[in-house]
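Letters A, B, C and D mark the chains in the order given here, with residues in each chain numbered from 1 onward.
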Amino acid sequence: MTPLRSPYPMRLSPADVTALIEEHFPQVHDGTGRLVIETLTDGQAFVRMHADLAMVRPGGTVSGPAMFKLADFAVYVAILGHLGGAGLQAVTTSMTMNFLRRPAPADMLARARLIKVGRRLAVADVELYAEGRADMVAHTTGTYALPPAELVGGI
Amino acid sequence: MTPLRSPYPMRLSPADVTALIEEHFPQVHDGTGRLVIETLTDGQAFVRMHADLAMVRPGGTVSGPAMFKLADFAVYVAILGHLGGAGLQAVTTSMTMNFLRRPAPADMLARARLIKVGRRLAVADVELYAEGRADMVAHTTGTYALPPAELVGGI
Amino acid sequence: MTPLRSPYPMRLSPADVTALIEEHFPQVHDGTGRLVIETLTDGQAFVRMHADLAMVRPGGTVSGPAMFKLADFAVYVAILGHLGGAGLQAVTTSMTMNFLRRPAPADMLARARLIKVGRRLAVADVELYAEGRADMVAHTTGTYALPPAELVGGI
Amino acid sequence: MTPLRSPYPMRLSPADVTALIEEHFPQVHDGTGRLVIETLTDGQAFVRMHADLAMVRPGGTVSGPAMFKLADFAVYVAILGHLGGAGLQAVTTSMTMNFLRRPAPADMLARARLIKVGRRLAVADVELYAEGRADMVAHTTGTYALPPAELVGGI
């Protein structure tokens, strides 16, 4: 039932997207562990947030704002990978997070999947995992306002 | 990254779940096309809503309430399949729907996946498709309050 | 803290909006009780869904799809009241519902409030009540794609 | 239509809740501006997040994770104020945020309102504002799992 091939292939490599982010958005790593793009495949970004004391909450679990940031960043990476530099102007318009389990502090992994990229809006879902644990830790759906089509170019 | 095997296997067959629903909830088919369970696999229910004039909106697209009903029903089926009859007392506590594309009237298909079944709450995501169209039509996340554990039995 | 006056005054009366809906969208009343606009005030629409057997669920409560429909309709009324006829082309893009209490079948009341009307997107929250009961029954937030500005006219 | 009096009065004062938080959760202020409870009234908490460079995003706006943190904190304060110390064990289970406008960096203000406090779950909505600006900046709905009733005492 799921299409065999995402209609949203990646035009940029992880290194390309990393370069765009380091140029325009270098402070993204502040306040949590470093964010690293692991892979970009058709319609999907897979991102790691390195464990860091700043993201630990009382009870020894990962803070909600850190998970929010990772999910938001992973979608942004997927949009950049698909749209190229024009995607830098994408803006988060909504985010729904379901917190499923309370992970012990560890590297956090996010898999963002583009489920729609329209003329004005992109929609993605994100699964969050903790390194070394099979169960999903949080599930997110986000919507993003896209820049006007004339900036996006040949998409 | 996704676990190879869902931690939420199905204990009931589609015929078992259909029998429970027809006994306790026969009016579910009213007001839209008939709802039919296609498959139940580990952690997932795949359900069809037959096309029906009552679910068509102006402009010739499928109504939001019909999509809401299908998504909600598909999760309910997954919960029943996993928990057995005790799941009849599950109650929808929240639902987030993203409407992605406006399908022409057709059979609608829902794939509900259980992403958490805890002691008190179940969480699922649902992808909605229209027959004959590859793109996802709507994406849903729902949360359900479960009956007390002593009713659920050996889960 | 809340602004004393909504930035989204109503340009149409309840009778005007009712006429638009009856002309373009008469089947909205099918499958639930009749929908009636009670008041339109700055940024707000107050709508009643008359009790009807079709919206009763097992256990004698109001069905989720009926509540979805009422909430969605109430926002649509608010958008029409504020934008005028151009608002007919508004399309629901997302809806988050929290179900708080299970009301006995009764007239349902919705108060939709516009919290943003931008160039491309409107956002509203909706409180649902059951006639004769003080507690809120459900809470909803919805987003709507608006028609292009040139159609909306002097807004 | 809104009940004249919230069914969720505050049992603790702002100073009481502040003392609980400073004892159990002192690191909450890290990474953003200081969080201060302004008022607690029936069913509502009003909280300020002082402006801080760490919460500024490129383009000179307030970061999404900072807004998430403020909204989540404001609900937590409302739950503590209503339930007392037993509320310390409340856990965020879901959060839906709509980002409405991009505020220039400033103190951020949150008004959290309890719309349901059940035996197992609390639901709240939150309006976020920027100091000196009338329009709402973001709107949030959150759900929280509550500790078992025997810990909550005379509620």
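Basically, a contact is a pair of C-beta atoms (placed from the backbone, for glycine too) under 8 Å apart; a residue touches a chain by one contact, two chains touch by 3 or more.
Because the structure is a prediction, the values reported are computed rather than measured.
Engineer: Give me the set of chains touching chain C intersected with the set touching chain D.
Structural biologist: Expected: A, B.
Engineer: With centres defined by CA atoms only, which chain is the most remote from chain D?
Structural biologist: With centres defined by C-alpha atoms, farthest from chain D sits B.
Engineer: Can you compute the centre-to-centre distance for chain A and chain C, using the mean CA position of each chain? Integer Å is fine.
Structural biologist: Measuring from centre to centre gives 33 Å for this pair.
Engineer: Please work out the Cα centroid separation of chain B and chain C, and write it as a whole number of Å.
Structural biologist: 25
Engineer: Averaged over CA atoms, how far is the centre of chain A from the centre of chain B? Could you give it in whole Å?
Structural biologist: 27
Engineer: Please set out, as single numbers or ranges, the residues of chain A touching at least two other chains.
Structural biologist: Residues 93-94, 96, 98, 143 of chain A each touch two or more of the other chains.
Engineer: What part of chain D is in contact with chain C in the complex they form?
Structural biologist: That would be residues 1-3, 7, 46, 96, 98, 100-101, 109, 111, 115-116, 123, 125, 127, 129, 134-136, 139, 141, 143 of chain D.
Engineer: Quick check on the complex: what are the chain C residues that touch chain A?
Structural biologist: 93-94, 96, 120-121, 143, 145
Engineer: Can you list the residues on chain A that touch chain D in the complex?
Structural biologist: Interface residues on the chain A side: 24-25, 27, 30-31, 54, 58, 63-66, 68-69, 72, 91-99, 102.
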